[in-house]
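The structures come next, written out as structure tokens.
The same subunit A turns up in both complexes below, where it pairs with subunit B and then with subunit C.
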Partner chain A sequence: MEFSNINIIDVLPGMFLVTASLLAVLSIAIKRNHKLIFGLTSGSLLAVFVYLLVYASDHQFTVEPLFVIDGFGTFVTGLIVMSSLAVSLLSYAYFEQREERKEEYYILLLLATLGSDMLVISKHFVSLFLGLEILSISLYAMVAYLRKRPRSDEAGIKYLILAALSSAFLLFGMALIYATVGSMEFKDIGNYLGSVSNLPITMFAGFGLMTVGIGFKLGLVPFHMWTPDVYEGAPAPVTAFIASVSKGGMVVLLVRFFGEINGQNYPVIVLSFSIIAIASMFTGNFLALRQSNVKRILAYSSIAHLGYLMVAFLAGGSLGTEAVCFYLVIYFLTNIGAFGVIAILSDHERDAENLDDYRGLFWRHPKIATVFTAMLLSLAGIPLTGGFIGKYYLITSGIGADLLLLIGTLVVNSVIGLYYYIKIIAVMFDKAEGSETIALRPRLYIINLVTLFVLTALMIWYGIYPQGLIDRIRDFLQ
Partner chain B sequence: MSELQATSGLLLAGTLFMLGLIGVLIRRNIIFMLVSVEIMLNAAGLAFIVAGSKWAQPDGQVMFIFILTMAAAEVSVGLALILQIHHQLKTLDSDAANTMKG
Partner chain C sequence: MQVTFYIAAGVAILSTIMVITRFNIIHALLYLVVSFMALAVVFYIMGAPFAAALEVIVYAGAIVVLIIFVIMMLNLKSEAVAQEKKWLTPEVYVGPAILCIILLAELIYTIGVGNTVGITGQIVDVKEVGQSLYGEYILGVELSGMLLMSGIVGAYHLGRQKKKVVHRFLEKPEE
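Then we have the complex of A and B:
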């Protein structure tokens, strides 16, 4: 193990996030100021992104034995940081109108970003575990942040117990693999798998237990039970964070792990993940049809979307990784946008989550309704939106790997999914009866609106002209 | 450590893990659910120690210390939430706290 050859400038993103969260703690100790801490958080996230653009895009190195900072990791780190920035911009107005103390939220947000960031660059079980737990423990507190709301505690404790349970599964699986292989590095596990012809039973048990743990974190069927409840109970910006950064980090880790161990070469693994993917698509979409709560609809839709993503993940190879990157960008944009709309419409008592809250929205708030329509159409995968190109990319990578059954399921499910997205849009275009307006202060309202417009513009731009983003991803992945 | 000892150690850890899992599934009191989860986490820690001593490496014990740290952080958040729930519902029955369905 050698640390002397690591430049401090190379590991700056993590350092920066840690320092920013410590500064945030200190600033709270001196004086509580929501605006200051919001500025600090957004500023440091932006600074990390600028650093990644300027410096890190052509520096690749490893921190033995824990981290690998390659193009893939850098690209996703940038994506995660920008998503956290968008979440923090959307959070400001949301928390400003609430009674509770709001400053600690930003510390948790920074730490959760750090955890996700560590997750995507880890190549060792220890760093995987640490990243995951920094992310999860911050999220427990974020989910239950609004203490006065009746359902937030319930969501918090549900998430805590189930996430801890899944961590236990993941850890036990890692322990079994470590007992068999004698190393916790992904590369050594891959080498071991390549050297034996018959896998010992402990290895099977280890992979099985790890699959349970990872499935929980991603909210894949049959480990999806927590998703709708936590989405419903958590504050809207936190839900956006869970849907994007938390799940995305785990997906990237899975891609990296499978790449190292060549998971695509083992029929048992491919079969079990195919079953999980197909079950996730159908269950997510069918259960979404029955919901009347917008957050729950989006929760079930996210289960289905993770199922879609599994197609590219199973396809593997460079095309698969490209498709995962592209899909994640679009998925992050649309999910943060959709939950941002929920956040902007929420008043200080409850989130705007019932379908009835959206009745006639187009006549009351045409701008917000337009943004929400665009986001929903992208989730459904209508042409000219980013979601369409994302799905197209997934299907292309799937065809390259001959995953015809999965592709068929994906196409069928896109059609089923259309129904409930269109249902929300139809409700928004209903003639308005209630005429209550949102009592947001205009200045705050503008931050949210600008963020949402930027997200929508990017999403549509990538839908019309995806080549720019694709070239960028290819540059990074090389 | 010989292969046999390592296997029995892993079996012990597996048994503890199953006991914890059964506890989470059948207990209805939230505190006991949390305790059962802790048992599962410690079972995983024990498995790491066994594996570490099988390969005569410190990695297993390092991992165990990380697991302890993480479990402590988690319990502190968990107990805070449980206090809050008790404050609101006057009960710790997990069925009473389960209002979101569908």
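Then we have the complex of A and C:
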């Protein structure tokens, strides 16, 4: 009889998050205190990050059979934890303005972070599915968190039904692959694929069904229909979380899975992902052109951005992984920043999501308008911002792998995308008369402003001097 | 043994199709119980008696509890009894009953033959399940705990009763 010998140190980041969420539950049971639970959440997220920096940065190990903790996983875990920290810093003021019960939100935030962490270090279908479900189930409640808004219920139900359906697809795909291979570990699947000359039909169907599940989570075309509605209905900090942590975890998993099974060697898989990528870029950008709701514009732009990211993913190799890491950092920074601006401008009745809420913003709140402008320019990929370097990196990795069609699409779409980002910026500088009467009256909290400034500073710093971040990524990936 | 597997699998598919095509939720629930029991038989034939038992206890049991809840909520007034009679006419329960009888016959046959090895040639017993759950998959079990916790916290928050329970038509000012 053999018993597992899991070293508790190996899984400490997860343990931190689990302990923090349990402490959060206990603190609610004793006394509800928004400040306390906010401090607990932020403190534990920071603790995980410090632990990763100090202890885990050059450790590599596997926790058989479920997890692999390597440089790639550690780097993205750190990124996810810091993004959650930024989201929680932005959430405090946002939920403080609203009268509803706020404390449960932080438990869900911690658990969703845990789920995403498990996703990025999993090397087994069981841990993949558990991580994904922890993430999704926490998100259902987070999306519908504000009970007084009718729209949030709609978004929650929509996300619940579609995510459950896509989980079913994913599960069926995994079952088919397991039935063929007889193992749920990524490495065994890769070995099996190496031993057969052509793909059996069950594996084929399995990969197809898994693509549906993964594509849904990433919001890629044609599984993107939930994105605008959920982005619009969810509270702004939760939207930031969905856009960054939830999608990022899945991207990393996809990269890891494809690395293990050498997905780039199968023309059919590459072709289908290329079609998905091109369709995502065009659909996202064209649909964003016609929107007048800022949250929806950002939702469609995130569809397009995931399409861009697929270029580096399809390029594969070490350069592709580097590009994915770099792009994720920039994408997280800009998205959390952009939704942070929406959160800071929202008042207790609704979120600042109409384009008209931003009319003349530069004259009312010059600091926030500057931050938002910087974030939008980075999303558009203007030089001197992080977004430019990110796109440059994507294109470099794509050229290395001869993906010329995809690169051409990326370039064309960057130009299309410029239009709607510039449109928002133009509205902010536009001084229309009478705009003060319809303006929302947000209460600005210093903590939000500081978070936004830090995000902007980082984003511009990485745009001007990316070498530091690139070196750091290379250190981790080795 | 192969034939018994296909019969049970057929029953499972048939009853699941009936679940999603029924209009009345009670009728759908009846077929859902049959579907779970068919799956349990499939598990049993495949050589996983523990999974079969869990399937019956957890899933089929939960559905029975649901039905009891519905009956309790009917509150047993006269019109409720009439409603119940309308729901449970013979043409409603004869379908699930026939499918159940097929499954029962199969189970008796399998036990009677005495071939408990299953079609895969090996039996996964309780001890093995326990060893793998609390051995190599212990982190998975702990993560499932976290999964349930997020579900409960979310359900608690979303299911909380609002303080003001006024119908939306009553909120309109008098004209």
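One rule holds in what follows: the second predicted complex is superposed on the first by the 460 of 478 C-alpha atoms of A that agree within 3 Å, B and C clash if a C-alpha of one lies under 4 Å from a C-alpha of the other, contacts with A are read in each partner's own complex, and residues count from 1 in each chain.
Just so it is clear, contacts are C-beta pairs under 8 Å (C-beta built on N, C-alpha and C of every residue); 3 or more make two chains touch, one makes a residue touch a chain.
Model, not experiment: these values are computed from the prediction.
S.K.: Does subunit B (first) or subunit C (second) touch A:Leu108, or do both, or does neither?
M.R.: After superposition on chain A, A:Leu108 lies in contact with subunit C alone.
S.K.: If you stack the two complexes on chain A, which partner ends up touching A:Gly156: first (subunit B), second (subunit C), both, or neither?
M.R.: A:Gly156 sits against subunit B and subunit C alike.
S.K.: Identify the partner contact of A:Gly233: answer first if only subunit B is touched, second if only subunit C is, both if each is, neither if none is.
M.R.: In the superposition, A:Gly233 touches subunit B alone.
S.K.: After the superposition on A, what does A:Tyr140 contact: first (subunit B), second (subunit C), both or neither?
M.R.: Both partners, subunit B and subunit C.
S.K.: Would you check which partner chain A:Leu79 touches, where first means subunit B only, second means subunit C only, and both and neither mean what they say?
M.R.: neither
S.K.: Of the two partner chains, subunit B (first) and subunit C (second), which one does A:Phe125 touch, if any: first, second, both, or neither?
M.R.: first
S.K.: Could you say whether A:Leu66 touches subunit B, subunit C, both of them, or neither, answering first, second, both or neither?
M.R.: A:Leu66 sits against subunit C, while subunit B stays out of touch.
S.K.: Name the contact category of A:Val18: first (subunit B only), second (subunit C only), both, or neither.
M.R.: It touches subunit C, and subunit B stays clear.
S.K.: Quick one: classify A:Val251 as touching subunit B (first), subunit C (second), both or neither.
M.R.: neither
S.K.: Under the contact rule defined above, give the subunit A residues that sit at the interface with subunit B and also at the interface with subunit C.
M.R.: 126, 130, 133, 137, 140-141, 144, 147, 156
S.K.: Please give the residue numbers of subunit C that touch subunit A in the complex, ascending.
M.R.: 131, 135-140, 142-144, 146-147, 149-151, 153-158, 160, 162
S.K.: Under the stated contact criterion, what part of subunit A meets subunit B in this complex?
M.R.: 125-126, 129-130, 133, 137, 140-141, 144, 147, 150-151, 153-157, 160-161, 164-165, 167-169, 171-172, 174-176, 178-179, 182, 184, 202, 228-229, 232-233, 290-291, 293, 296
S.K.: Quick one: in the complex, what on subunit A touches subunit C?
M.R.: 1-4, 6, 11, 14, 18, 21, 25, 63-67, 101, 104, 107-108, 111-112, 114-115, 118, 126-127, 130-131, 133-134, 137-138, 140-142, 144-145, 147, 156
S.K.: For the complex, which residues does subunit B have touching subunit A?
M.R.: Touching subunit A from subunit B are residues 6, 10, 13-14, 17, 20-21, 24, 30, 33-34, 37, 40-41, 43-45, 47-48, 50-52, 54-55, 57, 59-60, 62-63, 66-67, 70, 73-74, 77-78, 81-82, 84-85, 88, 97-100, 102.
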